[in-house]
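Pasting the structures in now, so scroll down.
In what follows, chain A forms one complex with chain B and a second complex with chain C.
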Partner chain A sequence: MAIITKQKTPDRPAPLSETSVVGWLQKNLFSSVFNTALTLITIFIIYLTLSGVVVWGYLDATFVAEKRRECYDNSLTGACWAGVIAWLDNIFYGRYPREEIWRIDFGGLLLVAWMLPLWLSKVKGKILIGASVIVFYPFLAGYMFTGGDKGWFMQFMVTGAITAFVINMTNMLVGLLKNTSLDVFLMQLSGQADAGDKTQRNILLAMVATLFVAAFLWQASWNVTEVVWTKWGGLFLTLVIAGIGIASSMPLGIFLALGRRSKLPVVRVLSTGFIEIFRSVPLITVLFMATTMFPLFMPEGFVLNKLVQVIIAVILFNACYMAEIVRAGLQAIPKGQFEGAHTIGLGYWGTMGLIIMPQALKHMIPNIVGNIIGLLKDTTLVSIIGLFDILGMLRSISKDVPWVGLHKEPLIFGAMLFFIICFSMSKYSRHLEVKLSAGDKH
Partner chain B sequence: MSDQSEPQKRPKEKFDFFQDQRVRSVFYQVMTAGLVGWLLLYLVNNTTENLQSRGMATGFDFMDISAGFSVDFKMIDYVAGIGTYTDIFIIGALNTLLISFFAIILSTIIGFFVGVLRLSDNWLVSKVALAYVEIFRNVPLLIQVVFWYIGVFSLLPAVKKTVDLSFGAERLLLNNRGLYMAWPVPGDLFWVTILAFVIAAVGAFIYSRRAHKLQDSSGEQTNVWLPSLAAIIILPLIAFFATGMPLEWDIPVLEGFNFVGGASVAPPFLALLVALSIYHAAHIAESVRAGILSVNRGQSDAAMGIGLKPSKVMSLVIIPQAMPAIVPPLISNWMNTVKNSSLAIAIGYPDIVSLFMQTSLNQVGHAVEIVGMTMIFYMLISLIISVILNIYNKRVQLVER
Partner chain C sequence: MKLKSTLMTMTATVAILFSGATFATAETTLETVKARGNLRCQVGSPSPGFYNLDSAGAWYGIDVAICEAVAAAVFGDKTKLEIQSVSSQQRFTALANGDSDLLSRTATWTMSRDTQLGLDFLQPNFYDGQGFIVRKDSGITSALQLKGAKVCVTTGTTTELNLTDFSRLNELNISNVTFEDFNVRDDTYLNGGCDAVTADKSALAGNKANFPIPGDHLILPETLSKEPLAPAVRHGDNQWADIVRWSVYALINAEELGITQANVDDMRSTSKDPNVLRMLGAEGDLNTGLGLDKDWAYNIIKAVGNYGEIYEAYIGGGEQAIGISRAGSLNALWTDGGLMYSPPMR
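Let's turn to the complex of A and B:
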C-alpha cells in the first residue's frame, strides 16, 4: 500500500459551521437547549428595549415645535427633541456671542488642520509638528477665544503660532507632493542643496525670520473683540477645561512620577504625598477647595476668576493620575535600559529623555487615552460649582420658559454626545495600541 | 573629560565639590524642601492675612455650634437647631458610607454577572453585555446620576397611586417620595435566634476547614455546602419558632399625605444607588473579564483533560487563578465608588460633601477646616482600603511563591 503520493491531497472544505450562516447561527446561538432559550430571551429583551427607544425617541417624537406644550399636543408618549434642537447653539457654545461663534469653530478647525499631518505617513518631521501644537496652538486658540487687546506677549506668541502653522502647512503640502521635508525642498528650490550645513541653516533661519516679521506685521493689523469668560459655556467650555487640564497635567505628571521614583528621599516623600493626597479624594472636593480656599491663598487684592480656579484644580487633580500612569510605564522598562544608558555616559535627564521616556510612552498610550476620556467625563462636575459647561447648559433647558420641565431629552442628548466622543476615542486608542505594538511581536 | 595619560589618578583623589554625587543630592533636596516650604509659608501667610482682614474666625469651635438646618435622611438623632455641626459631620460621613456600602455590593454582583456574560459562548449574550459595558462606561457618571434622579425616580407615581412591589402585601411600596419597606422589629427573645445563627455559621466554618484538611490529606471529598447551608438555615429557624417568633414588622401606613412607619429611603438615595451600581458594574465587568482571560488557556484544557466537570474547572482552576488579577482593580473600583458617591451633591442626597462641605461651609465659613476635615475623611477611607488591598496582595504572593 503506497501511503506516499506525489499529488497534494486537495484541501477539504471548511466545516459548515465556519462558512454558512446557518452553521454560524447553530454554533454561536443555538448550540444547546439552554443556549437557544438564552438567545430567545435575549432577543425578546432587545426587542422590548429597542422598540421602546425607537417609538419614544423617533416615531412618536416631536422635532419641530415652538414650546413644550406643542410637543404634548403632537404626542404625549414621544420625546420632545424640539427643545434640544432650539438650544443646540447653547449646548455647544454656551452664551458666547452668536456673531463671534465662528471664532470657536475656527479654533477647532485650526487644531484639526494643525494635527492633520500627524496622520499622513508621507509628511516628515512629526515630532516637531507635535511639539509646535503643544507650544504654540494654545496661545493662538486662547487669543481667538478671549480676544480683546493683544499685549506684547500675546502678539509675540500669536505671531509664533501663525509662523509655525504656515510652515507646518507648507511642509505638509511638500510632503504630500514631493515626498520630502520642507527644508530639503527649499534647498533644492534655491539651488543650495549641496551647500554646507551652516549656509543652509542660515538661509532657513532667514526665511523663518522673514515669515515671522511678515506674520507680525499682519497680525498687528487685526483684532477680535473681547468675550469675557462668563459667556463661555457648553461643550466648548468642557473641551477648554479638559484640554488645558490634559495638556498641562502631562508634564506635571511626568515630573511627579520622576519625583516619586527619585533616589532623593525629600523629593520622593513630597511627590508621593502630593500624589496620594489628591488621588484619595474625589474631584468635587478638590473643586470646592479651589473655589473656597484659593481666594484665601492669594495675596490680598489679587482675585482669580472661577474658571482659572477650576482649571488649576483640574490640573492638580489630573496630574496625580497622570503621574501614576507614567510611573507604571516607567516600571515596565527593564533595568538593562537604565544601565545601558548610564554605560554610554548619559546623565539622569539624558537617560530619561532619550532612552526611557520614548519607550515608556508607548506602554502608556492606552492609559493616557483612558485618562483623557475620564477627565472629559469628570469635567461635567464643574456644573456643580456653577460653571455652565455642557451639563450646566443641558440642565438649564428645563428652566427656559418655553421648555419648562424638559429634563430627560437634554440629558439623553448629552449622554449620546459623550458616548460618541469617548467611545470613538477608546476605539482609536485600541487601534493605536495594536499598531504601535506591531514592532514588538517576535 | 578624563585625563588619559594618568588614568590611576582620576577616581577619588580629586574631590570635585560640584560633581560629587552626595553633595548634589543634598543640594537638590535642600532646594526642593526649601521651595516647597517657602510656597507653603507663603500660602499660610496669605491665608492668615486674608482671614484677619475679612474678620473670619479660625479653629474648630464651630463644631459645637448648633446647626440651624434640617436633614431629611439621617441615621443618628438630630434636630435642627439643637444638633451641632459635629452631628452634621457624622450624619454626612455615615450617609456616604451607607450609600457606598450598598453600591459596592450591588455593583460587584452585577459586575461579576456581566463579566461572565461577556465571555459567554452565546454570541448575542456576549454582545449585549459588551453594549452594556460600553454604554455605561462612556457616559459621564454625573449625567447618569442626574438622569436616574430626574428622569426616573422623580417621575414615579404620586403617593395616592403608590406601587406595591410586594404583590398586595403592602411590605414594599414605591412612590415619588421614595421606597417604603416594612422593617423588622426584634422582640425580647430574638437574641436566641441570632445566637443560633452565629453557632451554625461557626460550625459550618469549622466543618469546611475539616473537610479541606481531609481532602488535602486523603483526597476524599465531602459535600460541604449542603450540610452547612442546611445548618445555617434550619438552626436559627428552630430557635426562632421555639422562642415564639419574637419578631414584629413595622409596616408603613398611609397617614395623611405620606407613609409613616417602617423604613424608607428617598428618591435621591435610590437614584444614586442605581447610578453608582450600574456605572461601576460596567467597570468591574471589564476587570472580571480581563482577569478570567488572563488565565492561560492551557489551564482549562489541562483541567478538562484530567476529567473535571466544567463547573469544577471554573471553581477549582480558573477562578482561584483569576482572583489575583481581578481583586486589585476590583478594590480600586470600590474606592472609586466611595469617591464617586460625592456626586450625591447634584441631586440632594445628604452625604458628607453636600451636607458638610457645602451647606455647613455656607453657614459658618471656616473653609480651611471644613475642606480639610472632608478630605481627611476620604483619605482615611482610601487608606483603609489600600491596607486591605496590600494584605490581600501579600497573601496572594505567598500562595503563588
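Let's turn to the complex of A and C:
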C-alpha cells in the first residue's frame, strides 16, 4: 500500500516554536511556572541594576563643572564626570608637556601605520614587516618620546627606522595596486626583471643605500626638545612599560624555554633556576627589589633611572611566564617532527626556527595573549612605587584640591578603558587563531 | 652564585646602556646638586594642600613650595627642580641612598626618626594635630563622649596608634575600623559605617569641605597629638641642612618684615631697614656660610613669596587651597600668638 510519487515532498517549515520570537521565549524563559517566576525575578534585578547605573552615571551626572562643589550643587547623588574630563590629558599622557603631546600621538599613529600592512592580505613580505617593527620602531618611537640629543647609535637606528618605514609603505602601495611585492615591481620598472639574482640584489642594495643616506641627512635636521622620563605618565606610560615588557620578554622567554629543554646541563640548570626563582615571587616584590634594594648594591652615587629599573623587573618577571608557555607549546609537537627535520639535514637552530617554532607558536597564541593581557593589567602595580601610570593618575584626581574625594568615577572610567583595550586584544587573538589554523580544517 | 653575578652584570650593563648612568664621587650635597643642575625633592603620593598634581600635570602645595624655595636659593630658578613622588615605605631609604636631596612631605618630626634613621629634621613648615570629625546629628561635641564608638582611621600611620592610646587613656573602648585609602574611609563614614573619622585636623578640614553637605559635620575641639611636619635631610651634611633650614626661616622672616613676592624688588632698593637689606643681600655677607649667592633669600621670596603668602595659596583661602584658617592656629606668626618664629638673620 505504498504511495510512491516521483516528486519529492516539499520540506515542512520548522515548527513555530523554533522560529518565532514568541516560540523561543516560551521554550526558554516561560516553560513552567517556576521558570516564569525565575525569569521575572531576573528581569527585575536587571532593571534595578541598570536603572541605578543609568540614573547615577548619566541622568543625574554632571559633565561640566569647575570643581566638585559644583557637581554637588547640580546633584548630590549623581556621578561627577567633570573631574575625569578635566584630567583626561593627565590620564592619557601623564605630566608630558602639553605642547609636545603630538609626539605621543604621532608615535602611536606611526605604529598603526607600520602594522597596517600585516592586516592586508594582498601585501607581500609580512615576516619582514613584522621584524622591522620589532627591530626599528622602538628606536624611532623612543626618540620621538624622549627627544634631546641623538648619539651616533640612535642616529643610525632612527635612520634605519625611517628607511624601513618608507620601504614598508611603498611595499604596501605596490601590493594593493599591483598585487606584487616591491622588489619584483622595482625590477619590472627598471627593466631588469630577467637579470641574474646577483645583479638584482645589487640594484636593490644600491636603492636602499641611497634611501638610507637621504634619510640620514633628513633626520640630522630633526630637533625635538628633551622630555625627561619623570614627565611620562598615564596610559602612555602603562603602554610603554607593557609594550617593552611584552616585546622583550617574548624572545627572552623563547630562549629560556629552549634552555630549559636543552641537553647541556649548565644551560638547563641556569634556565630552570632563573625561571623558578622569578616565578616564585610576586611582581610587587620584584618591583620593590628593583627600585629599593638594587641601588643599595650599586656603588656610591650610582643613580639609575627608576623607569629602566621597573622595565627590567617587568621583563625578567614576564619572561619566566613566557618561557613556560613556550615550553608547553614545544611539548605539544610530536617527536616525528624533530626526527623529520633531522633526516632532511637540519641542525638545532634550523629545526627549531623552521619546523618546530612555527607550529608551536600557533598553539601558544591563546596563552600568549592571556599573558599579555595579564601583564598589561599587572603594570598598574608600578603606581605603588611612585610612578604615575594610569592608575596612579586616576587615584591622584581625588587629591587635587578642586576634586578632593572624587575617587569612584575615575576608577570606573579606568575599568572601562581597560575593558576596551583587553577585550579588543582578546578578540584579535581569536581572529588570529582562526586565521592561522585555516590549514587544519580538512 | 654564578647565576646571580651573571644576572647582576647583565642587568647592570643593560641599565647603563639604557640610561647613561652617572657616577658621582663623594661630594657635599650642595656640590652634587649644583653639578647635576637640579634639586631632587621628595614628596609622597599626592596629599591635598601639601603636594598634589593639578589637571595640567604640575605639582603644587605647601611642601612643594618649600622645594621650590630651596631650588630658588641654590639656583636662583625654582624650576630647576625634580619632584619625586615616593611611597611612604620607601621615603627614608630614598633619602638615605642619595636618591633624594631633600624630603619635604608631611613627615612628622619625632625623636626616634630624628635620632635613629640617619635623618635631620629641620624647621617645621606646618604644625598639625590629630582630631575627630563626627556627624552633627549624633549630638557629640567632645571626643570624651565617643564611648564605644566605631572610628574610621587610615592604617600604617601614627594616627592609628594615637587613637588606640587615646582610647586606652580615657577608657573609651573605641573600636578602630581601618582603611588603606582615605577616600574609602570617608565614604564608609558618610554611609554610616562608623561614628567618627580621625586624622590630622588639616586633612579633616580639607575633606570635610568636599563632603556632600559640609555643614552636617563637626570637627571636635580635642587635639590628640602633636604633628610638627618638617622637611628633612640626610644626617651629617651640616651645610646642606643649614641651606634648607635657613630657606624656611627666610620665608618666615620675610613675612615678619613685610616682604612679599610683589614688593621684594622695591624693598631691596628703597627700604631703610637694615634687617631687610641684610636679608635680601643688599648689605652684609649673610650668604657666605651657606655657600650660596648674595641673592639667595631675594630669589626665594621672588620665586614663591613669603610664608604667609604660601599658606594662603595652598592651605588658607586661595583658589587652590584646602581652606583652613590660619588665625589663632599654631601656624600663625609668633607675633600673632603662633609658633612660626625665625631666629634673627644677621
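The working rule: the second predicted complex is superposed on the first by the 431 of 442 C-alpha atoms of A that agree within 3 Å, B and C clash if a C-alpha of one lies under 4 Å from a C-alpha of the other, contacts with A are read in each partner's own complex, and residues count from 1 in each chain.
Throughout what follows, a residue touches a chain if its C-beta (ideal position, glycine included) is under 8 Å from a C-beta of that chain, and two chains touch if they have at least 3 such contacts.
Note that the structure is a prediction, hence the values are computed from the model and not measured.
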| item | value |
| --- | --- |
| Simultaneous placement of chain C and chain B on chain A, clash or fit | clash |
| Chain B versus chain C as contact partner of A:L120, first or second or both or neither | neither |
| Which superposed partner A:L205 touches (first chain B, second chain C, both, neither) | neither |
| Contacts of A:D89 with chain B and chain C, given as first, second, both or neither | second |
| Chain B versus chain C as contact partner of A:L381, first or second or both or neither | first |
| Touched partner set for A:L296, first chain B, second chain C, both or neither | both |
| First, second, both or neither for A:G414, with chain B first and chain C second | first |
| Partner chain(s) touched by A:A220 [first = chain B, second = chain C, both, neither] | neither |
| Partner chain in contact with A:L270 - chain B first, chain C second, else both or neither | both |
| First, second, both or neither for A:T39, with chain B first and chain C second | first |
| Common interface positions of chain A, toward chain B and toward chain C | 270, 288, 292, 295-300, 384, 395, 407-408 |
| Complex interface listing, chain B residues touching chain A | 25, 28-30, 32-33, 36, 43, 46-47, 49-51, 53, 120-125, 128, 134-135, 137-144, 146-147, 150-151, 335, 339-340, 342-343, 345-346, 353, 357-358, 361, 367-368, 371, 374-375, 378-379, 381-383 |
| Chain A-facing residues of chain C, complex | 2-3, 6-8, 11-12, 14-15, 18-19, 21-26, 32, 45-49, 52-58, 82-87, 90, 93, 97-99, 181, 183-184, 186-187, 206-207, 209-213, 320-322 |
| Sites on chain A touched by chain C in the complex | 68-69, 72, 76, 86-87, 89-90, 94-96, 98, 228, 230-231, 233, 270, 273-274, 288, 291-292, 294-305, 308-309, 312, 316, 384-386, 388, 392-393, 395-396, 398-402, 404-408 |
| Of chain A, residues touching chain B in the complex | 28-29, 31, 35, 38-39, 42-43, 45-46, 263-267, 270, 277, 279-285, 288-289, 292-293, 295-300, 373, 377-378, 380-381, 383-384, 391, 395, 407-408, 411-412, 414-415, 418-419, 422-423, 426 |
